[in-house]
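Order as written gives the chain letters A, B and C; numbering starts at 1 within each chain.
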Amino acid sequence: MLTYVLKRVISIATILVVLSVLIFGITQTLPGSVARVIAGQFATPDMIAAIEVKLGLNDPFYVQYGRWAAGLLHGDLGRSLITERPIGPVLWAALCNSAILAVVAFVLVTVLGIGLGVLSAVRQNGFLDHSVSMFTFLGISVPEFFWGIVLILVFARWLNWLPAGGASEPDAGLGRLVSHIVLPSLTLAFALIAHVSRMTRSSMVGVLRSQYVRHARAKGMSERTVIMRHALPNALLPTITVLAIDVGWLIGGVVVTETVFAYPGLGRALIFAIERHDLPMIQASTLVIAAIYCCANLVADLLYAFFNPKIRYG
Amino acid sequence: MSIDPLLRVESLCVSYASLNGNVPALRDVSFSVARGEALALVGESGSGKSTVALAILGLLGSEATVGGGRILYAGADLARLPAEELGRLRGNRLSTVFQDPFATLNPSMPIGMQVAEPLMRHKAMPRQEALARAVAALAEVGLSRPAELAKAYPHQLSGGMQQRVLIASALICEPDLIILDEPTTALDVTIEAQILDLLDTLRRRRNLAMLFITHNLGVVNRICDRTCVLYAGSVLEEGPKDLTLHRPLHPYTQGLLRAVPQLGPRRRARLRPIPGHLPEAGMLPKGCVFHPRCSHALGECREDEQLLRPLEGGMVRCWRADSLPRAEDGGATAVDAHAAPTRNVLLDVQDLRKTYALGRKIRFGGPHLVRVERSEVRAVDGVSLTIRAGEVLGLAGESGSGKSTLGRCLVRLIQTSGGMIRFDGEDVTDAGGAALHEFRRDVQIVFQNPASSLNPRRRVGATIGRSLDLLGNIPRQDRQPRIDALLEAVGLPAHFANRFPHQLSGGERQRVSIARALASNPKFIVCDEPVSALDVSVQATVLNLLADLRDRLQLAYLFISHDLSAVAHIADRIAVMYAGAICEEGPTDAVLSRPNHPYTEALLSAVPTVNDATKEDSRIRLRDGANASSHTPTGCRFHPRCPRKIGPICEQKVPPVVSPSEGHWISCHLPVEELSLPAADVKNREMA
Amino acid sequence: MVSALVEPRPARRKWRLPVTLLVGLAITGVILVLAILAPVIAPYPFDGMNILTRLKPPSAAHWFGTDDFGRDVLSRTLIGARLSLLMGFGATFISFAIGVPLGLLSGYASRTVDEMIMRAMDVLMSFPPILLGLLILTVTPPSIWKAMVAVGIVYVPAIVRLTRSVTLEIAQEEFIQAARARDDDLLYILFREILPNAWPPLIVEAGLRVTFAILLGAAFSFLGMGAQPPSSDWGLMISDARPYLEAAPWVALAPGLAMSLTVIGINLLGDGLRMALDPRLQAGKSG
C-alpha cells in the first residue's frame, strides 16, 4: 500500500509539472503573438515591441517559464494585465465561492446519485427503476447551460422565488447565501446525478449477478444482508472511480454554470480572463483548476486503494 | 442408511425462457439420496446438472420455470416452498459448494466472517462466538494457522485453501445434505486429491449426505456410492457405482467409459469417441434422447419415449439394455501400435530460462534506509530436453509449473531469458528475419481453448488460407485444393471452409486449429493442452486425430497437459515439470512405474481413475504450497512439499541426476533403491 | 474445467431489435433529414434581419417566433441542426481517427511504446475536458471549426484508453498468438485481426461520444469560444438570447429543446445498439 501511495504522489507531482509547462507553453508561445493580442487591433509595431520588452517576451522559452514557475513556488501568481493587481487574492476569493457550489453539488451527486443507482438496481425493472431511468436519461441529454436557463426562467423570472444570479454580499445572512446557491448547484448536479446513478446501477446489477452474491443466497443469508454486506461494498468500489471522473465534469460544469448564473467563481474568472486576453490570469487560473483536478484524482485513487482489499493487502 | 431417502427428486421438469421460446433444460429427472450417502450426478456440458442443483436450492433465475415434478426434502416439497422458508433451509440443512472458489468468495469480506455468517443467521449466534466457531471450522478442514487466516481476504489464499474455506462454511451449521457442483474441477490434481480425501473423511465422520456433481468418472469412483447419469436433461442411468462404472447399463455410459483415456495397462488402447454431438437445447430428438449417437439404435428408439426401468439393481432408460453386450472392454480394442522412433534429434534445448519481473516494492530499512525490492518469477528455470523426429514428448505438471511458458518459448512466442534452443541443427534462440521465418514453417502450435483459438470474424477457409499464404509457398492455383486437403486431413468436410467459428462445435474448432498448424508442413508441433477444454466424449476424437497425424506425417509433438492419462495415452516419453524445472524424464512406461521422483509419485497416486483400487493409506498427501512463488526455494525446488524429504541437504544442495535405466533420469537426493519402494513403506517425516 | 461450449450449430441468429433502437433511429433519422434539407425547407434565411419584426412570439408567419434581430427562430434552429450534427460527428471522427490507432498500438506493441502513449494520455487527461478545449481555443481567434478540432482532441485520451483496454483483452486470445506464430506482420494483426473484433464496444462508445461532442461544442459556443455571430449554432443562439430571456423565452427555448431532442435521439439509438450487440441476448445460453 505504501508503495502504491508513493508511486501515485510522485506521478501526480510529475504530471503537475508537465501541465504547467504545457499551459505556459500553449498560452505564451502559440501564434498570435502575445504582445499583439494585448496591444489590440490598432497597435503600431513600436507599441508591440515595447510590450514585448516590458513583459520579457523576447527571452528564450525556458527563461520565461523559469520566471513564472519560480514565482509560483513563492506563492506569487503574477499580476493581471487588465487590473494590474496581484492575481493571488482574486483567485482565492473566486476559489472559495466555487468551492461552496462544488461541495454542495458534490454532496447532492453522491447521495442522490449513488442512492438512486443502488435502489434502481435492487428493484430492477420495477416502477422506480423505470422512472429513475427516464430521469437520468434526460439528465445526460439536456445541455447544462440550457437546463440552467430553464431554471432561471421558472424560478427566478416566473415564480420569482430565487435570484437569477450573482452571489450574496459577504456579510449578508445565510438565507441570502443559500438562495444564490440553490439554482447553480442544482444545475451543476443534474447531469452528474444522472451519470453517477447510471454507473452505480450498472455496477450494482453486475455485482448482483455475481457468483459470490449467489453463494451468499445459497448460504441462506437474508436479502437485506446480501445487499448491504455482500453486494454494496463491492459495487461501490468502481463508484469511487466514477466520482473522480465526475469531479472533472464538475469543474467543467462550474465554468459553464457560473457563466449562466453570473456567479463570481473560478470558472467565471477564467472566462473573463480569456475574453480580455489577460494572459497571466489565464495561466494562473488554468493551473489552479488543473491542480485541483489532479488532487481530486489522487484522493480518489488513494480511497480506492484503501477500500480495495486486493491493493491494500497486496 | 435409513429407509426413507433424505432427498427425493421426482420427475423434475425445468425450462428456460429464451429468444427461441421455452427450452427444456430438465425432463423427468428422478433420483434420491439417502442419509449419509454420496450420489454422483454425472454429465457433460449442457446435460443440465447445474440446473438440478440450482433447482433444489431454489436459486434458478427468473428466466427458469419449474414445470412439473417434486423435490421432497424432510417431508416438504422444495419446489413449492415459499422463499422465506427455503432461505432458512439453505446454508443450514442444505448447503452448497460451487465450482470456482475464487469467484464464489466475496473479495471484500474477511474469510472468517464469510464462514461465520451462516451461524449468525441460522442459529442466532452472537458474532464473537460465531467467529470462534469459524476458526475451529477452518482448522477442521485442514487449514494451518486458522486464526490468522480468518482475518485474511480471499485473494491472499491459494485455490485449494479457498475451496477448503468454502467447505468449512458449508458445514458449519451441520447440514444433512451438501451439494457440490464440480468442486475440484478448477484445482490441480494433487490439491484435488486432498480435497476429495477431506470430503470423504468429513462425510463419514458426520454421516453427511452428498450430491456430487461432476463430469469426471475417476472422481466418481473415488468418492461416491451411487451414480446418476444425466444427458441432455434426462436421466439415462442410475445405480450403485460399481455397476455403473464397471458394467454400465446404458450405451451412453458405455461410450463415455470407452472414450476416456485411463492410466493403467490399457493406457495406449485406441479411444472410441461417441459419434455425433450433443443436441441443441431447443432441438431434442424425438424418442430416445440419445438415439442419434447410439450404435444400437433401432426403429422403436426413434419413436417411443423411453422410461426409466429397473435392471440389476439400478435404473436405466433404454428398452434394449438387457439385451445389449455389457462387457466393459466392449470388444477387442486395438492397442495403439507405435514403433519407438530412433531417428535424428530434431529439437535440442539446453538450460532454457524465462524470468518475469514482477515489479518493485519500496521497503524501509537496510543500510540506505530505503530499499527497492525487485521480485521476479522464474517460470522456466534451467530446462534441458531433446525431441527426435516423429517422437511425442509429453510434458506433465500442474498449474504454475511453467509448462505452458516452456511450450511458448519453444515456439518463440516468448522471448527467453537464457539458454539455447537448437532446431534441426541450427541455433534459433535469437534468430530473426529469414531464419525465424523458416523456423516458423517447421514449428507450429495448437492451443487449448477452442473458443479463442480462431478469429470469430473470419471464415475457417480464410484462417487456414492466411497461414498458407504466409508460410506455405503455394502457387495460386493450388491454394484452394490445399485448404480442402488440410480440412480433409483433420476429418472435416471441405465445405466447412465457408463457415464461421461460431457455427462449429468445440471439437471441430480444435480440428481447424490443427489444420491451421499443418498448413506449413511443420515437423514439430507444440500442443498446449489441446483437449483440456473439450467435452469428454469429444476429447477422444482429437486425441485420435493427433495420433494419426503423427503416424502419417512423421510429426513430433510436445504434448503439454495437466491430465496425466491423456499424456500417458499418446506420449513416447514423459517429462514431469515442477516449479520451472523438469524433475523426471524418461520413456512413458518407465515414468509411470517405480522408481519415481517423489512428485511424480504423488501425481500418479492423486489421479482419480475409474479402476482405482488403491487403498487410502497408500495415497500420497502433499502439503499445500504455492507452486510458482517468487521465492524459489534453494536446493531442491520440491522440498517444501516433499513427503520423502531427507533433511537439510534437500534445502541446501541442488539434487543430482540419477538414472535408474536407459533414457530415464530423476533429479533427487534419494538413491534409486529407496525411490523404488512405495512411500508408505518408508519412514515418514513429521509433516506440519 | 467444464467446457464452455454448449450449442454446436446455432447457425441461425434471431435478431429482435429492441424498441429503444427503433425509437432512437426514428428520432435521429428525422433530425438528420431535417438538417440535410434545412437550406431548402427553412422559410427564411438564417441571417435575414428585419428590425420591424423583433422579438415576436410564435405565430403563423414565424412558427418559433423571432429573435432580437428579427430573424426567424425556426429557420435558424433548422440550420443550427447542421452545425451541431457536424460538430458531433466531426469531432468524434477526429477523436477516433487519432485515438483508435494509438490505442491499438498501445495495447499490442511493446511495453515501452505503451508506457509512452499512456503517459502522454495521462497528461492530457489531467485536464478537465472543458479546460483543455478552452486552452486550445484561447490562443487563436475562435471559430466553429477550431472548436470541433478542440473537442476532438479533448476526447482522444478516452478513446485511446478504451481501445487499449479492448485491444489488451483481444491480444490475449489464442488466435492472436497463432497469428504471431505464423509470422504475421504488425499492421495486419492490428487492423485485420484485432480491430474487426474490437468494434462493438467502440461503436457503442462512438454513439456516446457524439452526444458528448454536441454538448461540449455547444458549451464552447455558448461561452463565445466556438461559433461566432451571426452563426445560428444552437449554443450561440442560447447565449445570444440571455438578455431577452424573460421577454422572449422562445428564442432560447427553441434551440435548447432542439438540442435536447437530438441528444435524446442519439442516446436512444446508442442504448438500443448496445442492447442489440450484447452477446447475452443472442443465441440463448443454457445451464
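Here, a residue touches a chain if its C-beta (ideal position, glycine included) is under 8 Å from a C-beta of that chain, and two chains touch if they have at least 3 such contacts.
Since the model is a prediction, treat every value here as computed from it, not as a measurement.
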By Cα-centroid distance to the whole-protein Cα centroid, the innermost chain is B
Please tell me whether A-B or A-C has the greater number of C-beta pairs in contact. A-C
Could you grab the centroid distance between chain B and chain C? Build each centroid from C-alpha atoms only and quote it in angstrom. 47
Compute the distance, rounded to whole Å, between the mean C-alpha positions of chain A and chain B. 52
Euclidean distance of C-alpha centroids - chain A vs chain C, Å: 22
Footprint of chain A on chain C - complex, ascending: 122-123, 126-131, 134-136, 138-141, 211, 215, 218-219, 222-225, 235, 238-239, 242, 245-246, 249, 252-253, 256, 259-260, 263-264, 267
Flag every residue of chain B that touches chain C in the complex, lowest number first. 16, 18-20, 23, 25, 44-46, 48, 50-51, 54, 64, 99, 182, 185-186, 215, 277-278, 280-281, 408, 411, 413, 436-437, 440, 444-445, 447-458, 463, 466-467, 470-471, 502-506, 508, 513, 516, 519-520, 532-535
In the complex, the residues of chain A that touch chain C are 11, 15-16, 18-19, 22-23, 26-27, 30-32, 137-138, 140-146, 149-150, 152-153, 157, 248-249, 251-252, 255-256, 259, 270-271, 274-275, 282, 286, 289-290, 293-294, 297
In their shared complex, at which residues does chain C touch chain B? 1-11, 14, 16, 172-175, 177-184, 193, 196-197, 281-284, 286-287
Give the list of chain A residues in touch with chain B in this complex. 2-3, 6, 210-212, 214-222, 225, 229-230, 233-234, 237, 307-310, 313
